[in-house]
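Okay, handing you the structure first.
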Amino acid sequence: MPKHQLNIAMIGAGFIAKAHSNAFRQVGHFFNIPYELGLKVVCGRDHNKLESTARQWGWEEIATDWQAVVGRPDIDVVDIAVPNALHAPIAIAAAQAGKIVLCEKPLATSLAEAGTMAKAMREVPSLVWFNYRRIPAVVFAKRLIGEGRIGQIYHYRALYLNQSGNDPSKATTWRYKRSEAGMGAAGDLLSHSIDSALYLNGSITELTAMAHTFAPGRDVDDATLLLVRFANGSVGTFEATRYGVGRRNRKTFEINGSKGMLGFNLEEMNQLEFLDATEPLNQQGVRNVTVTGPDHPYSENFWKPGHIIGYEHTFIATLGDFLGALDRQKPSHADLDDAVAVQRVLDAIERSAASRSWVKL
Amino acid sequence: MPKHQLNIAMIGAGFIAKAHSNAFRQVGHFFNIPYELGLKVVCGRDHNKLESTARQWGWEEIATDWQAVVGRPDIDVVDIAVPNALHAPIAIAAAQAGKIVLCEKPLATSLAEAGTMAKAMREVPSLVWFNYRRIPAVVFAKRLIGEGRIGQIYHYRALYLNQSGNDPSKATTWRYKRSEAGMGAAGDLLSHSIDSALYLNGSITELTAMAHTFAPGRDVDDATLLLVRFANGSVGTFEATRYGVGRRNRKTFEINGSKGMLGFNLEEMNQLEFLDATEPLNQQGVRNVTVTGPDHPYSENFWKPGHIIGYEHTFIATLGDFLGALDRQKPSHADLDDAVAVQRVLDAIERSAASRSWVKL
Amino acid sequence: MPKHQLNIAMIGAGFIAKAHSNAFRQVGHFFNIPYELGLKVVCGRDHNKLESTARQWGWEEIATDWQAVVGRPDIDVVDIAVPNALHAPIAIAAAQAGKIVLCEKPLATSLAEAGTMAKAMREVPSLVWFNYRRIPAVVFAKRLIGEGRIGQIYHYRALYLNQSGNDPSKATTWRYKRSEAGMGAAGDLLSHSIDSALYLNGSITELTAMAHTFAPGRDVDDATLLLVRFANGSVGTFEATRYGVGRRNRKTFEINGSKGMLGFNLEEMNQLEFLDATEPLNQQGVRNVTVTGPDHPYSENFWKPGHIIGYEHTFIATLGDFLGALDRQKPSHADLDDAVAVQRVLDAIERSAASRSWVKL
Amino acid sequence: MPKHQLNIAMIGAGFIAKAHSNAFRQVGHFFNIPYELGLKVVCGRDHNKLESTARQWGWEEIATDWQAVVGRPDIDVVDIAVPNALHAPIAIAAAQAGKIVLCEKPLATSLAEAGTMAKAMREVPSLVWFNYRRIPAVVFAKRLIGEGRIGQIYHYRALYLNQSGNDPSKATTWRYKRSEAGMGAAGDLLSHSIDSALYLNGSITELTAMAHTFAPGRDVDDATLLLVRFANGSVGTFEATRYGVGRRNRKTFEINGSKGMLGFNLEEMNQLEFLDATEPLNQQGVRNVTVTGPDHPYSENFWKPGHIIGYEHTFIATLGDFLGALDRQKPSHADLDDAVAVQRVLDAIERSAASRSWVKL
C-alpha cells in the first residue's frame, strides 16, 4: 500500500523545534503510519539557526516569511513552534489556508484568543503538543484509574518545579516577557500540569490561586500556586515555579484514592509509583513500576522491558497517535477542546490571582 | 551535686502518654539534667489502661480525678496528654496551682482559648510538645538556613499525609469529633507543619485555605490545604490530610532558596535532603545527609554515626532541652508564644476556609 | 504476680555497653517480662567511663576486676560488652559460676575458642547479641520466606559497608588489632551479615573468600569479600568493608527467588523492599513496606504505624525475646549454636582467604 | 563541504539491529559528522523480519546471504548484529574485504577466536558496540575519577541483574545455547560490566569466579559471580545473573575511594550518585546528579537540562564518536584491544570457574 505524502512546514527553529523535527524523522520508525512525511521547509527569523536546523534535520528549504509559507499549496501541515503570542496569527492563517495545524502549548496567550483560534481551526485537523500525555507511565496511570484500581479519588497534587528563574542569564528570553509569552510559569509549566490533571482526574469546578514574581520588573509570574476542587469530589493543589532551586524539570503528580495511590515524576519518567490499598495492610508499600513493558502503553513501539525511553519519545508518540487517528478519521487528544479547557483554567487562575478570591469554572 | 527532685503527674494514658512516659524514663540517660524525675501519678478515665500504663512504665500511683491530682502539693509538674478540649481546664488549673505545665499540641481548640491559657500560664514554666522541632535533621536544617546556606528563601511547601481517615475503624476516636478535638487534620497534623514552618521560615503574613470533609456526617476537617505568604517574601503551600492513602506518616517540607534546597520527610526522619546551589552546576544534586553525627544536633546524646534514632527520641530531646533550660532559667521552645502563634495561624485558616477569602495575620 | 529479680553485671562501658544499658532499662517498658532487672554493677578499666556510665544509666556500683564480679553470688546475669579477645575468659568464668551469659558478637576470636566457650556455656542460659535478627523488617522477611512468598531462592547478596577505616583517627581502637579483635571487618561487620544469611537463607556449604588490608602495618582485614553456595541451592556474595567511603552503616541484603524479591538496608531499617513476582508483570515493582505495623513483628511492642524505631530497639527486642523464652524455658536465638555456626563460617573464610581456594563447610 | 558517503550493510534484524538502525538514522541529527550514511542492505535469515525492518527503517534492500553482502563493492561498512557465534566469520570476511567493521559485543565466543578476529581486523577501522561507555553519567564518572575527585580507589562493585531466566518462554532463544552464544549471563551481561570496570578502574590482575546454571539441561551459565583484584590496588566484586527476579535491567557500579564515592544504575541511567568525602563530614551525603547538562558529556548533543535521554542514545553517541574519530583518523573506543581485553577477562572467568581457583591475568 503506497503511503500518502504529507509535506510539513515547521515555524520555529529553537529547542522545541528540535524535538518536533526529531518526531517527524522518527515517527515512521516506531509507528506504522500510512503517511510519508516530507520535511519541506523550516521557517524562522534567525538565518543561522535555520541553516543549522535544516542541515541537521534535513529540512529541504528555509524561509523567513511565515505568511508566505503558510499559503504555499505544496504544504499540508503547519507545525507551530514559536513564542506563544505568535500561535494565534499563524494557526488561524494556516487553518484558513486549509492546512493541518500542529501547535505548541499553551494554545494561546488568553482565553479569548484561544476561542478565536478554536473557531478558526474547527474545520481542519489539529493537534496541540501536550506531549506529556503520551508518557507511558501517565497513560498507564490513566488505565489503572479507569479500571477502578485507585477507587474514589480524594486528592490530586501536582508540582512543576524548575530553577530557570534563579539563573539571571535566562531572564532575557521570550518566556519571561508578557508580550511574547502571555504568562510566565503558569503558561510554560503549569499548563502541562493542568492538562495532565484534566486528563487523569477530570474537570475542575473551582479554584483559588496566587501568582508571584520574585524578579523585580518582570511582568509575568515566576510562580503560580493554587487550590482546586474537581468535579469528582476530590481536592487538589498545584504549584508551578521557576524558582524551585534544586529541581531541573520536576513535574509530579500524586493521587490518593480509596483503593490506592499513584505517583509520578517527570525526572524519572519511566517509572510509576503505585500502591494497592486493597492488599493486606502489612504488605502495602509504594511500588516502583518501570513502565517499559511488557503490557505497558507504547512498549510495542519502543524498546524492550528495562530499556528506558527519553524526553523525545513523548513527541514521537503524540505524533504517531495523531497520524493514526488522522488516517482513521478519528479524534486524537490533546485536541482543540482539550487545549481550550486548559486555557479556561489558566484564565480562571489569572482572575483568581488578580481578585484574590475563589473562581468557579 | 545532688539532683533536684521533680515529681510528675501525667494526665492521660493513651498512645501519646506512652511516648511521654518513655521520655520521662529516658531523658536522664541521654541528657545531663540536674533533676531526678519522680513518676508519681498517672491520671485518666480508663482503669485498665491506667493499671497497665503504671505497671509498664513504673508510675507510682493511678488516679481518675485530675482536679485532685493537679492540686496535690507533692506534684511539681503536670503533663497533659489528653484530648484537646481538656487542655485548657487542666493547664489553667495546674498553672494556678503553680505547677510546671507540659501540654500536648495543639495548645487549644481555639485562639480565644489559647489566649486564656497563655494568660493563666504566663507565670509558670511551660512546654508545648511540638516534638518534631527536635528532630536532628530539622534542627540541622535550621542551622543551615541560619548560616545563609540556602540564601533568600523563595518557596516553602509542606505536606502531612496519613491514611487514618480511610479506615472506618478509626472514625470513632476523639480525634474525629469537634467537641473533643476542636479541629480535625488541621489540629492533629497541620499544627505540626505550621510549627515547623514558623520555626524554619518565620512568620506568615497572609493565607487562603480550604477545609474539606470526605466522610458524611463528620464535623471536623479531613483535609486542610492552604496557600501562604511569609514575612520573608517567600510563598508556601501546606496540605494536611487523613485521606492521603498510601502514606502512613508523611510529614514533609521542601525549601527552595537562592543558594540551595532542603527537603525532609518524617518517615525517613534521620535524613535531610540538601542541595548546595553555589557548587558548579554539573556537580549539583540533591544529597541525602544522614543526620546522626558527627557534628549534628543531638549526635552526642544518642548513638553513633549511621545508627538511627526513632520517633520517641524527639520527645526525649524536647524534654532534655526543656529541663536544661529550666535549670538555667532560660526560655525553651516551643513555649507558650510559639504555641499561640500556631493557634493564630490555625484560627486564620478556619476563618479563611469559612469565608473563602484571604486572611491577613 | 511478683516479678523474679535478676541482677546484672555488665562488663564493659563503651558504646555497645550504652546500647545494652538502654536495653536493660527499656525492656520492661515494651515487653511483658516476668523479671525485675537489677542494674547491679558495671565493670571496666576506665574509671571515668565507669562513673559516667553508672551515673547516666543507674548502675548501682562500679568495679574494675571482672573476675571478682563474675564470682559474686548476688549476680544472676553477666553481660559481656568488651573487646572480642576477652569474651572467652569472661564467658567461661561466668558460665562456670552458673551465671546466665549474654555475650556480644562475634562470640570468639577463633572457631577453636568458640568451641571451648560453647562447651563451657552449655549448661547455662545464654544469648549472643546478634541484635539485627530482631529488626522488624528482617523478621518480616523471614516470615515471607517461610510462607513461600519468595519461592525457590536463587540469589542472596549482602553488603556491610562503613567508612571507619578511611578515618585515621579511628585506626588506634581495639577493633583494628588482631590481639584484641581477632578479625577486622570480618568479625565486626561480616559476622552480622553471616548471621542474617544463616537465619534467612539457611546453611552455607562452601565458599571462597578474599581478605584485604588497605592500611600499611595493620594486622586485621579491612575488607572481606566472598562467594558462597548455600545448602538450598542458591548462590551468594558477601562484602564487608571499613573502606566503603560514602556509607556509614550500610548493611544490606537482597534475595531473588522464583516468586519474588526482598531487599533491606540497615540505614533505612524500618523498611523492607518486597516484589511479588506472581502478580501481573505490568504491575510488578519493588515496593517499600514500612514495617511499623499493623501486623508486623514487634509492632505491638513499640509505636504505631508510620512511627519509626531506632537502632536501640533491636537490643530491646533481643532481650525481650530472650527473657520471655527464659521464663518459658524455651530456646531463644541467636543462641550458642547460632553463634558457633557464624564462627564456623568466619573460620572457613580465614582458611579460604589464606589458601586462596574454595573451602567446604 | 560535501559529505562523504558511507554505505552500510547490517547483518541481523533482531532487537539489537533495531537499536543499530536507529543509530544510523539518528547520528547525523545529533552529531556533526562528515559522512552521509546509506542504509543499503539489511541481511538475515527471516524474510518477514527483514521486510519489516527494511520498511520501518528505510533499508534499501534485503538479503539473506551475508557472504555475498560482505563482498559487495558498494558496501563500506559491515555492521554485525547477530548471535555471538557468527561474529567471527562475518567480521573476518568483512575485514578481508576491506570493510569498516562494527561488531556487537561480546566480540567472540572465546579468547582464541577473539585473537583470530583481532588479527584479521587489525587493518580496517572497527568498533565494538560496548554502548554503555557512552552513557553521559558513565563518562562523567570517568571524568571525576580522572580529576582525582574520588582519590585512591578502594572498592569497585558491579551488578548486572535481569530476570529473563525465570521466564520459561525466553529459554529457547540463542542466548541460552552454548553453540550460538558461547557463554550465558557472562557474555550477555557481565561483558558489559567488565568493559565498564576496565574503562573506569583499569586492568584486573587476578580473579576467582563461580558460574552457576539454575535451569536443568542448559549448557550456559545463568549467573556468574567473581572477586577480583585491580592493578590500582582496589578490590572488586561482580555479579551477573538472569535470575535476579525483581530487576529488569539493573546494571550498577559503586566505587569507593579515599576522597569520594560514585554510584550508577542503568535503570536510572540519567543519574550519577556522587559523594564528596572532602567536604565537612556533617554535610556529606550521596547526591543524585542528573547528568543532562549543563557541562555534562553529550549535553550539547541531546536535549536540555532535566530532559532525559533513553537507551538508544548510547548507540547514537557510540556511533557519533566513532565516525568523528574515523574522519580525524584517530582511535575510538571500545576498539579491538578493548574488546579483546574484555574477552581475556571472560576467559579467565571460565578457567577460574572450571578450576575453582584464582587465575592471574
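Lettered A, B, C and D in written order, each chain numbered from 1.
One rule holds in what follows: a residue touches a chain if its C-beta (ideal position, glycine included) is under 8 Å from a C-beta of that chain, and two chains touch if they have at least 3 such contacts.
Given the structure is predicted, the values throughout are model-derived calculations rather than measurements.
A.B. asks: Tell me which of A-C and A-B has more C-beta pairs in contact.
C.D. replies: Answer by contact count: A-B.
A.B. asks: Which chain's C-alpha centroid is most distant from that of chain B?
C.D. replies: So the farthest one, by centre of C-alpha atoms, is D.
A.B. asks: Take the average of all CA coordinates in chain A, do the same for chain B, and state the distance between these two points in whole angstrom.
C.D. replies: Here the centre of chain B sits 42 Å away from the centre of chain A.
A.B. asks: Centroid of chain B to centroid of chain C, CA atoms only: how many Å?
C.D. replies: 35
A.B. asks: Quick check: how many Å separate the C-alpha centres of chain A and chain C?
C.D. replies: Chain centres of chain A and chain C, defined by C-alpha means, are spaced 54 Å apart.
A.B. asks: On chain C, where are the residues touching two or more other chains?
C.D. replies: Expected reply: 275, 284, 286, 290.
A.B. asks: Show which residues of chain C lie in contact with chain A when the two form their complex.
C.D. replies: Residues in contact with chain A: 140, 271-272, 274-276, 280-290, 293-296.
A.B. asks: Along chain A, where are the residues that touch chain B in the complex?
C.D. replies: 154-155, 157, 159, 161, 163, 166, 208-210, 212, 214, 223, 225-227, 229, 233, 235, 237, 239, 241, 243-247, 256-261, 263, 275, 277, 284, 286, 356-358
A.B. asks: Within the complex, which stretch of chain B touches chain C?
C.D. replies: Those in contact with chain C are residues 15, 19, 21-22, 25-26, 28-29, 32, 56-57, 162, 248-250, 267-269, 290, 292, 302-313.
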